[in-house]
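Right after this note come the structures.
Okay, so subunit A shows up in both of these, paired with subunit B first and subunit C after.
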Partner chain A sequence: MNLILKKDELNTLLTAWRQDYEVYAPQSLQKFTHFLPLQDGAEPAFNKAHNTRVPPKALFLPTSEALLKFTRFGGYEQVPTETAPRLIFGIRPCDAHAVTMLDTVFEQERYTDPHWQARREATVTIGLGCHEPCQTGFCTTVGSGPFNHAGLDAILTDLGEFYLVETLTEQGGRLFSQLDAASEMQAAQAYELQQAAQAGMPIAFETEGLKQKLDQNFVSPYWEEVSRSCLSCGVCTFLCPTCFCFDIVDETQRNERVRNWDSCMFRTYSLEASGHNPRPSRVERTRQRLSHKFTYWVDQINQIGCTGCGRCVRYCPVGLDIRAMLRKANQLPSEVAHA
Partner chain B sequence: MPDLDALKAEAKRVLDEGIVEIVIGFKAGDTPLHPQPAFFRSAAEVDQLVYGALCQNNLATYLTRQPKTQKIGMLVRGCENRSINALAFEGQHARENLYLIGIPCEGIIDWRKIVEQTGEEVISVVEQSDNTILVEAMSGYYTLEKASVLHESCARCIHPNPVSADVVIGEPLPEGNPAMAREKVEAFAGLPTQERTAWFRQEAERCIRCYACREACPMCYCEECFVDHITPRWTESGTTPAGMQGWHIVRAFHQTGRCTSCGACERACPMDIKMTYLTEKLNDDMRQKYGFEVGMDPTVPPPFSTVTLDDKSRFVI
Partner chain C sequence: MPDQAHSPYLPIPMHVLHAYYESTDRSLKTLELSFDNPQDARDFFAAFNPGQFCLLSVFGKGESALGVASATWEGDFVRFTAQKMGSVTTALHELKPGDSLGMRGPLGNGFPLEDWKGKDLVIIGGGCAFSTLYALTKHLHHPSNRGDYGKMTVIYGTRTSGLCMYKQDIAAWHQRDDMEVHQAIDVPENDWLHHVGYVPDVVKEVKPSPVNSVAVVCGPPIMTKFTLPALVELGFSPEAIFTSLEKRMKCGIGKCGRCNLGPNYICKDGPVFSLAELNSLPADL
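Let's look at the complex of A and B:
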């Protein structure tokens, strides 16, 4: 269903939604944007084609959260998850797509994460398509796109004076039920813009056969070459919308068992109690990060574990670019001769 | 700007003559704002070498990641050279294994400031001879004053020249004014306690604990950082206020008498957290109380790394 939302009516709509939902939208925090609950009089801050600095996965998997609270004499209580209805407004398609991929991790048949599930069920997501190409993103390369619908209840296309709203679920339809239908011309205009945006995001590397190349070159000087300048910090993984690794720690002074984000790029991530570390250097860690996204995830759910948001490229302190790394991987030999 | 051809020629020479096994410098990045640290193993590879104000890393951070016996050549600016001297004092490498190709530094550009000023995606950046930069962005060109996009640490840099390089390419620059560094420290110190606390909390509590600041810092080379230590645990590892404040304050204190004010920590931070206001205060204390400046003279030990029998505080021995 295509509807028309005038930009000057957006705030009225956001205010109305706030009766029923806690509305999260990108807002300026220092010099970048962050998904925060909208307060009275605040407006969403949309940077030109720029995503929020921290991906909205943090709204479902907080950087730190208490899972259990210990009680005296060896008992414990589960910490309940906030499940007040939430609405995320202005999430970019790459980030929304990423959340659906994380569902396959946290909502598996036998192992469902109650915290993740509760937050997911309580949340409606309204996306904003990217009509201006972004330089570090590569969504179209990895099966997403600037107007991808995955994980969204509705998606907006910015047409200057107004947004064209495409409702994608029943819930999305209800939220915009007051709006007028778009004319055929407006719908055509939006379609054209979406096509242009798609075309503005050229293919950054070849994904066909990439998994096989990485599999076959598990042992290869390639990994040393692409990881040489890596600092082994956690920027790429923490800002990644599909990275989900966590570490569970007991904060005994607060009687809490806490789940914190963790990163495969950290030395301590794979350090074993014996002192042995199967991924002792940035070479093995880089291989893990790339292989997880471009081979293991393909094995598991037949999807590349990356939606091309480009944060890892933009914020890497040493300018490492996963696109260039994978272009190099495209050049690797297909069959490795075994001695 | 140093002559790129002269830099390349020197890097090639030391590789060709076997003086070093590798040269650590920069090569063009895959995105216009991020030249990458690069490791050149042969004269042929050196053709890729680039140098400019967007080269934002302190290359000395790679020194402790290379084998100690390796003969290493490195491009060094004032801060990098001083970091190397500080590392030498701490026994992290042997100076005779290093060949330092010095560059008088005109300051590093904070790429975030370019994005902030243009407000859009950047396609290319060209440094021009009149202290401006020409930025090509999606919708057109911008000419920006270089001074307006310098990283803050560089704007108040005191020692832009390499202090103990084996060769210096380019003319030495005038030393910076220590009063500029002081100004910043005094302005912060002059704030009421509550405001300083609020500032510290606001900065520290934005942290996501990715440790890019630690990894970018040449002086943070501990095999096991205090935050990773498990028995005993020194601080919370999560993003609680206690954990984030604990990290930022202890990280800063570990830099006392070791930080060269290069600002690599801030440039690496994905959350734009200010950190040098803490280390600058410590550096200022070192200057005022002990007359000590990190890495200026490799033979002078940092005050907190020495002990003498007549020390007036007897708690150490």
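Let's look at the complex of A and C:
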């Protein structure tokens, strides 16, 4: 269903939604934009053509979260997850797509994560398509796109004076039920813009055969070459919308067992009690990060575990660029399987 | 609404039934734990398979992954042997009978006992990793299980005789006529009547027959590394050799990420893998 939302009516709509939902939208904070609860009079910050710094996965998997609270006599109490209805407005398609990938981790049949699930079920997501290509993104290379629908209840296309709203689920339809239908001309205009945006994203590296090359070159000087300038700071993983690793620690001062985001780029991540570490240097850790995204995810769900948001490229303090790393991987030797 | 009461992160409330040192140097301690709630015990034993592990919680210290060292028929308790290494295992060593702790599990796949029916079993262990093999052997000793399997050979090596676990039981195994036991220590000691040498060499010396047999190996990485090829050399096929792996773990349910071996998580898809499976996975151990 295609509807028209005039930009000067957006605030009225957001205010109306706030009756029923906690509305999260990108807002400026210091030099970056963040998904924060919308307060009275505040407007979403869409002035930049790119993503918030911290991906909205943090709204489902908080950077730090109590799993249980210890009681005085050697027992514990559960810390319930809040399940008040939430609406995320203005999530970019790459980030929404990434959340659906994380669903395959946290909502597995055998071990469902109730914290993740509760937040997912309580949340409606309205996306904003990217009509201007972002500089570091490569969504179309990895099977996502500037107007990808995965994980969204509705998606907006910016047409200047107004947004064209495509409702994608029943819930999304209900949120915009007051709006007028778009004319055929408007829908065509949006379609054209979407196609142009899609075409405007350059292909950053070759994905055909990439998994096989990385698999076959698990032991290769390649990994040393691409990890040489890495500082193991972990920003590429912390700000990655598909990274989900966490640590579980007992915080005695808070009397809580807490899970915190963790990173495979850290030395202690895989360090064992015996002192043995399967990934002792940046070489093995870089290999783990790239292999997880470009081979293990493919084995698990037949999708590349990257949506091309470009954060790891934008925020790396030494300018390591995953696109260049993978272009280099494209040059690796590979054995051709004989049928 | 998701069922938060059954969160896989919530430990089962347990208490210590027995706690005793396993090794003469007091580095290994065995804890036998009992369930606070009878329903938890029923759920646990209905799900338990030898070779599985649990995460033991000392509240305020953290969690530690330990293999289960008891069989279901032994009673309403779960046995673990912990080597004192870090803060959690140190806290576990300090527990006394009656003390409370938490336990999550059983976790992982355990040994494929159904597939092994009708076969001879060669059980090879080294050091404190023998715990899950002890659970396996105990399980197989039960009269209702023993008949399902053929000849049973246990090879168990430790650095010194003092580090040998479950000493009384293993001494009694030598008297059994339904199994063969080979014990080994790394360096000679007075009054030691068994093998002296490293486990891979003892395996070569014992020469278990690969005909209709499976071999299962649990030990420190260096032992496993040299024992697996020794078995291949004896004629065991990669599909008939099994090992139990370990990596650092936090969640135990395939979410926290760190114990992956290629696309598999050791906690969820393992810890037991056949050599054939391992050969198809990246060498990331």
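The working rule: the second predicted complex is superposed on the first by the 334 of 339 C-alpha atoms of A that agree within 3 Å, B and C clash if a C-alpha of one lies under 4 Å from a C-alpha of the other, contacts with A are read in each partner's own complex, and residues count from 1 in each chain.
Keep this in mind: contacts are C-beta pairs under 8 Å (C-beta built on N, C-alpha and C of every residue); 3 or more make two chains touch, one makes a residue touch a chain.
The shown structure was predicted, so the numbers you read here are calculated from the model rather than taken from an experiment.
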Clash-or-fit label for the pair subunit B, subunit C on subunit A: fit
Subunit C, subunit A and subunit B - angle at the middle CA centre, rounded to the nearest 10 degrees: 90
Which superposed partner A:I248 touches (first subunit B, second subunit C, both, neither): second
First, second, both or neither for A:F205, with subunit B first and subunit C second: neither
Contacts of A:L320 with subunit B and subunit C, given as first, second, both or neither: first
Which of subunit B and subunit C A:Y21 touches, first, second, both or neither: neither
Touching partner for A:F176 - first (subunit B), second (subunit C), both, neither: neither
First (subunit B), second (subunit C), both or neither touched by A:Y163: neither
After fitting on chain A: smallest Cα gap, subunit B-subunit C, Å: 7
Footprint overlap on subunit A, where subunit B in one structure and subunit C in the other make contact: 247, 249
Of all residues in subunit B, those that touch subunit A in their complex: 29-31, 33-39, 56-57, 61-62, 112, 116, 119-123, 138, 206, 208-212, 214-216, 228, 236-240, 243, 267-268, 270-272
Contact set on subunit A toward subunit B in their complex: 29-32, 48-49, 53-54, 63-64, 132-136, 228-229, 231-235, 237-239, 247, 249, 251, 258, 260-261, 263, 266-268, 313-321, 323-324
In the complex with subunit C, residue positions of subunit A that touch it: 67-68, 70, 73-76, 78, 80-81, 83, 105-106, 108, 110-115, 117-118, 121, 215, 218-219, 244-250, 252, 255, 257, 259, 262, 264, 269-274, 276, 278-279, 284, 288, 291-292, 295-297, 299-300
Interface residues, subunit C side, partner subunit A - complex: 1-11, 13, 57, 59-63, 85-86, 89, 99-102, 221, 246-248, 250-251, 253-258, 260, 262-263, 268, 282-285
